[in-house]
Amino acid sequence: MTLADLSIAGPFVLAVLVAVAVLVADIALPGRRGAVLAVSLVGLAFVAVLTLATGTTAATAFGGSYRVDALTTFLDLLFISIIAFTIVFAPDYLEPRGLPLAEFTVVLLFAMTGAMLISASADLLVLFIGLELMVLPGYLLAGYHKSDGYSTEGAIKYFLLGSFSSAIFLFGLAFVWGLTGTTRIDEVRDALVAIANGSASLAPGLALGLAFMTTGVAFKIAAVPFHYWTPDAYQGSPTPVTGYLSVGPKIGAFALILRLFVEALGPLKADWLQVVVVLAVLTMTLGNLVALTQTNVKRMLAYSSIAHTGYMLVGLAAFAAGRIEGLQGLLYYGAAYSFMNLGAFAVVAALQKRAGVTSNLETFAGLGRREPWLAILMTLFLLSLTGIPPTAGFFAKAYVILAAVQAFQAGYGALGFLAVLAVLNAAAAAFYYLRVVVYMFMRDSQTELPALGHGRLLWGGLVAATVLTILLGLVPGPLLDVVSQAARAIS
Amino acid sequence: MGLADSLDTYLELAGTLFAIGTFGFLARRNAISMLMSIELMLNAVNLAIVAFGAFIPALKDRGAVIALMVIAVAAAEATVGLAIVIAIFRNRKTPLVDEYDAMRR
Amino acid sequence: MHDLIAGLPILTLVTFVPLVGAIVLGLLPARYARPIALATALVAWALSLLLAAGFLPAIAGFQFVEQVSWIPTFGIEYKLGVDGLSLALVVLTTTLTWISILASFRPIQTRIKEYMIAFLILEVGMTGVFLALDTFLFYIFWEVVLVPMYLIIGIWGGANRIYATIKFVLYTLVGSLLMLVAILATAFAFQAAHGGSWIGAFDYEALRSFAGTSGFADNLQLLGFAAFFLAFAIKVPMFPFHTWLPDAHVEAPTAGSVILAGVLLKLGGYGLIRYNLALYPEASHTYAPLIIVLSLIGITYGAVVALVQPDLKKLVAYSSVSHMGFVTLGIFVFQQQAMQGAILQMVNHGLITGALFLLVGVIYERTHDRTIAKMGGLAALTPVWAAIFGFFVFASAGLPGLSGFVGEFLTLVGSFAVNPWFAVVATFVMILAAAYLLWMYQRIVMGEPSAFLLGLGSHLTDITATEILTLAPLGALVVVFGFFPGIVLNLISGPATTALAGVADAAPITVDPVLVAIGIGIVVAIVVIRFVTLRPAGGSAAPSSAAAGTSSLVVESHS
Amino acid sequence: MSFDLLIVLIPALPLAGFLITAAFGRRLGPQAHWIPVGAAILSWAVAMLVVTGALSNAAPFGEDGHGLTLWQWIPAGTFNVAAGFFVDHLTAALLIVVTTIGMLVHVYSIGYMAHDPGRWRFFAYLNLFMVSMLLLVLADSWLLLFVAWELVGLSSYLLIGFWYRKNSAALAAKKAFIVNRVGDVGFALGIMAIFVNTGTLNIRDSIAALTAPGASLAIPIWIVALLVFAGAVGKSAQFPLHVWLPDAMEGPTPVSALIHAATMVNAGVYLVARANPIFASAPQVMTVVAAIGIFTAILAASIAMTQTDIKRVLAYSTLSQLGYMFASLGVGAYTAAIFHLMTHGFFKGLLFLGSGSVIHAVHEEQDMRKMGGLAKKIPQTYMTMLIGAIAISGIPPLAGFFSKDEILGEAFRNQFYWVWGIGIFVAILTAFYMFRLIGLTFWGDSRVDPEVEPKIHESPSVMTIPLWLLAIPSVGLGLVLSWPGPPLGPLFGIQGTGLLASWLEPVFAPGLAILNRPEEPFRIFGLDGGLLVISVVVAVLGMVAAWRLFGVELGPFRDRSRPDVVRDLTARAPFLYRASLNKWWFDDINNLLFIVIGGRVAEGAAWFDRNIVDGIVNGIGALTRRSGGGLARVQTGRVQNYALGIAIGLIAMAGSYFVIAAH
Amino acid sequence: MRAWLYLIAAAIAGGIVTTPAILVFFLFGGSTDDALLAALATLMIVAALAVVTMKDIIRCGLAMIVCFLSLAGIYVVLGAPMVAATQVLVYIGAISVLILFAIMLTQDKVAPSRLVFQTQAVPAAIAAIILAVLISLAAIGTDWHAVTSRLRVATDALATILFKDYTLPFEVVSVLLLAAVVGGVFIAKREDPSEGEI
């Protein structure tokens, strides 16, 4: 471990330090939210800057187990902004419930370090540990509202199933290691190329490993039929946490997919493509269909996030079918989805500032009168989730679909089917997204509630999310360049 | 014969252990039993890894290192898990997981 | 004049002035909403008229083209341009918008600010659709139209508004999203054909010329056409995709109905001409017979169903289905007169139906009811309204001398030239049109005032000056276009020729008898299904059979 | 002052009158009528100038007329229609009828509508009608003709429904318009066919192109002729589209006189005459025209026999006379048709206005059973109506005799013996029902409502003067127009064509040329004379029969009515009687066909739309949601179930990978 | 009296464990390692089965310790004493104790003996068996390019690898533990004394 290593892995290291700093700050001046917020946000700013500074040039460190490339930089920045948003949205929710901000922030930051590690790992062991480092805090955050039955119930379900899937995933990894005799991603890749060339069919051991790893990953991204934990965990968790869970671990898991499947298992594309297609179909359809029947907005958004996983898988499938655009679309989708979904959950959280308020649809009745701005922003986010232009969600969907269509015209019939299914699903999804709008603007609430005052921080975060949601829809150019670089870095 | 000198033996063992763990996880009602089952599964993986380390030259010594890491991870997982179990036991006064079904559909 | 405005980005101005207005509205308190909204709409209108003044019909192709690279990665551009077709529809849009806004002053009392904002954004979307020359941009504007209309119906609509508005959105989305797939597929096909260069892949003109020269692959054409067609057919709306229209119309507030009928339906017709014909000429030919049969069914079906509608707005809605059938028919017989007639018909339908909805709204304002059965004898209570209503009813019935006639007749002549039977079917519907319109007019306007109306007493005032002001321009245009349709026809002859350039040269349309059989079968099925089970509709023209009891020749004086 | 300007002025004046009155009439109040009436009179004067110019073949008219183009109306590529006028002798002849009667009706209405609050509307509508009608005769393109065609329909709709509070009026107006639409559809299709055939819609050019020898037509000419004829049938209320005319009597009487007797209903005759070459080149259609015409004639006459509403009797009589005209067109006697058109226009206008005056006198009572003995109370009306009755019955030397006799003679001479036979029979009926009308109305004892009885008074001069003015042509026009031609010319040994014939010769030359019938001279002391005598005799027979039954008080002839005879007559032929009384049940048939059955069809369609078309849409939505609910059941909330699901998924995954690995 | 029972039980257990070893050693003529492995493996499997089947959860915990111990033994047989040591230290010294504590804390005295198994025990068993079969099939059916004799881990090499190739994971694991502890402590610690006796 040299200084060079540390400087290359600078962002990661700094992130860890920030987490520790927050811890220290909390011990130094306990119960001072301001301090915690300041330290964490400023720290994140520094991390971001450092990422931008160091991320420009590709490099490896720690004996080739850590790697920085365009993808790393893009994903790290995405994670940082996700965490920043979460931290910004949290206080208004935690305060009335007497939950400390410090532990929340610390755990969250640790989760971020895990995600950053995934995006930067050039070694499958690092990848696994990064995954654990990302998800373990997730379990804790899900149960963060420990006096609340729902929160803890969601947490234990999430934890048990999560570690179950981790074990499965690890078992698969072990087989891959055994077969390739290495944990380094590039070496695995080469070894597999050899195998793929040597024997047309892949060894049963490898097949089993693939199966176990796919299962593990599918669980983490909440793909059907491994999605069961999602609705319960999302509904139970404190709303800001739900917001984080719906994007952070998901994007992290997709980062894992990029590093593991796209990079390491790239040579076996043709094999896992077929599985991914099936997963995509199931995930999109089931997510949307079940979401149609939900009356709790958080749960509804949980199912919708399953559906969005499906759309992203379409991108992945398109990539496996030979279209780099699929990868770009996937990345773009990730970014777009993070911002709009965080925004939506932020609004829900803001409404729940009044302790004891559920996230049922009725909560939204008459919001358009009570708090017009919140309602308008929520509408925007929902429209973006639906995929109505000119929003981020629309462009992302279009991008993924474009990739699928290209693959279709390149001769992969299944991808054409995926594209059509995706848009039909999007149309169906409009129903439940717009139903929230119906409640906000077209129904009046039974109980007349006064408007809540919301912190400046929350508004700032909401505005930022809004701006990003619209910008990514209207001026996709810059981000397009970034994602295409990132995609090129690993394919 | 060379039972101890064939990789397959250990892999079989690992598989069996893993399956037992899975069964426990699927069948037991008690949260802690499930946790223990997971530990069994992780150990099964560890066994496989160490076995690979012992029979595949490329992984010589590395297997052991990886195993160490995995043990550490398992420890962390256990910590978190037990913490959560205790927390929920406070709310529900029961460790039986199949009674935690306030959220469904 | 042309050179004068060629300097400034006139199209962008026309399109986005309303957006500016909406933003200003958002920042100011609600009491300024009405005047500012109206002012903005009027500015947009003035700009569109300026555009019309500067437009040179002689020049082929698009004018005042604005082209800015937007998403270079895919060669997507912000590209606007105007030709006769889009110009006519843009002016129609801007006109109807300010009229609708003015007409909303009294009916809309709640959340007036949001309402006006929604309306202005709606205008942005509609204008944009007509002016966009980049398929991607086109799609964006297309969807932008959706949301404000969704809110307008859903928030300010009638009792069953939520069902109606959700239906409207979902129905439209299904079509438009498939269209998105088609847009992307087409663009990619173009890119693939140009050695992987995205330049021009979304550029309408480039695509059109490519389709005209080397043309897209057959299967792409068939699929792409189908996707585009579905989107547009739903908007038009064509039988059997029309059922969202009556619900939407009935629930929408007056101004919403006006825009819905006046402009939104035209988006469909415009799209069919602009995209389906231009991009997929061969596929157009393949599908034409099917579409013609659907149009004929729609023409007849809409009229028949309109006959028995109990609700004024529903009746007008179904009449729209029938009238727009003429448009699709005119487009897909691939014949110059028919095409020009179809376009003219779109403009006229916008004016006339818009006016009809305004008039219905006027009465609804006072009676809060639209049930035909409850009305009666309005001529005695609100004579001026009755007169104006009569004027537009006859205009809608295609009375010669008014604009409606010219469009319909051109369409019919064109169809006749292609295949007389098309014209025969369509022309016979003119009887039905007269029937349902005049029957409706007789029931609500003539006769003795109904108890319901008398019960309203002084609430039932005659049409006000403001309301007349909203109708005057429409009436004037209806007359002017009746006598001088050349104003529009000269604008659209060029575009019509261009639209037909790709398709006209191919083989003549022959309708597959099987399809016809299907079409007739549907109608027959209806009769068989319901003929026995239903009670008669009630006398529209009461039988005048003399009882013939007493001899009519009795000549004794009864003194 | 150039003729072009004058020609434009003819419709322009009433148009101005209409616009002004429509805009300001409400404020002008009781004085509202002056502008429209003035417009009508002026337009009449101008028209007369034009007519004299045209008939004297003065420049720029010449032999075959003069046209002027106003503006390029519909420029649509190859379809390019100009709005323009055309005046030739035929137009001139029609102009005489339309403007004269129109003007007189305007004047008459001043008195008739004196007490109606909505009179400004009435006069506005009248002017509008004048515009449309003049446009119709002046139009030089089929499309403009069609515009006028429908505009007269509109104005007739407005005028019939003038008393909109009366439900019957509203229904009648609607019926008139819709039934006309049926004909118009045929006409419209005909116009399209003409365009597709010839590429132009200018009347003369297209006719020339259609009938040019060896012209290759996309649509056979007989179809064109048939379609055009459909339009004529609608407007002129021929069978089977005759049902609207009797109901149209719901309108104010002047309207009935102007539109439903003298002018609009003649439009069909005018159309066929105008298109005579087309019909001439489709002989089978000619026969159809003749058949429909003569059938309508007898049908209407049979109905007129028993009607009790004075105006309805006249309405059916109008139908029957129009039938004569079409029969005459059908047999190729174009001139005779126009001749009858003109004479009939005047005497039927007279009769209607007279009936109006009667109705006015007995306070809006139209039932002849509540009249009688009015001769002494309203002598002027009586005198003029008597003249009209004699004229229509075809008693020489009044107008009707000449025109009707010429029709029958031509029919016989062109070997349409069946037409002649039926025509003769209809002549009997005509005389009969006319004098039944006179008898029931003016002769015998009064059956008027006692409290109305004393108030009966002759109409004001503003109404009676027009009656007299119309009486003059009813008496003399026949003679004038036929002189020096048959039948009187030959009687005095003069051989020559009648005045009207010589006027219309250039118009009908092409048609007759195509028919090329042998041209033999009119032999007054021969066949033609014989026919002539026959028709006079039958007319007298009809008259006398009426006198026997319904009485007469005419100079030397005095007789009382015999209701008992009537009663057992009707008893002897109950079917015929009921049929006539119920107008051969046409309204009932239509009601069944279009209202009952049509209504059910429409209801069925609506049901189909709600439950099938929309049902499918909603069904899809419901299905989607329900399936969502079903899938949601997987989410039991129990970790172990989830875990098992994952395990199964894992196994499936492994299995699928093994399968993939297999190949 | 009870002592005898315990002795008999222990004898039976010992028998179960030793028989396979003896069989392997004498019948199949395996090496001592084979015998040892057999014994340990049997012990491990039995213990594992006990963990997932026994009714009293405390006994389950103890069985788990036995299982881990035998696994450590197998590591030794595999020539990875280092791992075996860690296994003993971490698992038995830390995790198992932790778990036992948790068991103590969460024993509900209300109903000590309710049914152990989920209703879905049978399908679970089937699934587990299928999995076992799949894994072993895959294991056998694959050519792992394995050597036929165990390679013994050289501890020094291990150290170098740990601090050269796997520095990062090694460091990160510490972070992971830190995170787990921080969060775990927060979640597990009592909200306020009033609430509950634990």
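First chain written, first letter: the chains are A, B, C, D and E, and each begins at residue 1.
Please note the rule applied: contacts are C-beta pairs under 8 Å (C-beta built on N, C-alpha and C of every residue); 3 or more make two chains touch, one makes a residue touch a chain.
Fair warning: this is a prediction, and the values are worked out from it, not measured in the lab.
S.K.: Moving only to chains each one touches, count the minimum steps from chain B until you reach chain C.
M.R.: Minimum step count, chain B to chain C: 2.
S.K.: With respect to inter-chain C-beta contacts, which pair, A-B or D-E, contains the greater number?
M.R.: A-B is joined by more C-beta pairs in contact.
S.K.: Distance from the CA centroid of chain B to that of chain D, rounded to the nearest Å?
M.R.: Chain centroid spacing, chain B to chain D, equals 99 Å.
S.K.: From the mean C-alpha coordinate of chain A to that of chain E, what's the distance rounded to whole Å?
M.R.: Whole-Å distance between the two chain centres: 34.
S.K.: Report the inter-chain centroid distance for chain B and chain E in whole angstrom, where each centroid is the mean of the CA atoms.
M.R.: Those two chain centres are 8 Å apart.
S.K.: Which residues does chain B have that touch at least 2 chains other than itself?
M.R.: 18, 21-22, 25-27, 29, 31, 34-35, 52, 56-57, 62, 66, 69, 73, 76-77, 80, 83-85, 87, 90, 97-98, 100, 102-105
S.K.: Among the residues of chain E, which ones contact at least 2 other chains?
M.R.: In chain E, the residues touching two or more other chains are 118, 120, 123-124, 127-128, 131, 134-135, 139, 144-145, 165-166, 169, 173, 176, 179-180, 183-184, 187, 195.
S.K.: Which residues of chain A are in contact with two or more other chains?
M.R.: Answer for chain A, listing residues that touch two or more other chains: 125, 129, 132, 136, 140, 143, 146-147, 155-157, 160, 164, 168, 175, 178, 181, 203-204, 206-208, 231-232, 293, 428, 431.
S.K.: Residue numbers of chain D touching chain A in their complex, please.
M.R.: Residue list for chain D touching chain A: 621, 624-625, 627-629, 631-632, 634-635, 637, 639, 641-643, 645-646, 648-650, 653-654, 656-658, 660-663.
S.K.: Taking the complex as given, what residues does chain B use to touch chain D?
M.R.: Answer in residue numbers: 22, 25-27, 29, 34, 97-98, 100-105.
S.K.: Quick check on the complex: what are the chain A residues that touch chain D?
M.R.: Within the complex, chain A contacts chain D at residues 156-157, 160-161, 164-165, 168, 201-204, 206-208, 210-212, 214-215, 218-219, 225-226, 228-229, 231-232, 271, 274-275, 278, 286, 288-294, 428, 431.
S.K.: Using the touch rule from the top, collect the residues of chain C that touch chain D in their complex.
M.R.: Chain C residues touching chain D: 167, 170-171, 239-240, 242-244, 301, 304-305, 307-309, 336-337, 340-341, 377, 379-380, 394, 399-401, 405-406, 409-410, 412-413, 416-417, 420, 423-424, 427-428, 430-431, 434-435, 438-439, 441-442, 445-448, 483-486, 489-490, 493, 496-497, 523, 525-527, 529-531, 534-546, 548, 551-559.
S.K.: Which residues, counting only chain B, touch chain E once they are in their complex?
M.R.: Touch list, chain B to chain E: 1-24, 26-33, 35-37, 39-40, 43, 46-47, 50-57, 60-69, 71-80, 82-87, 89-90, 93-96, 98.
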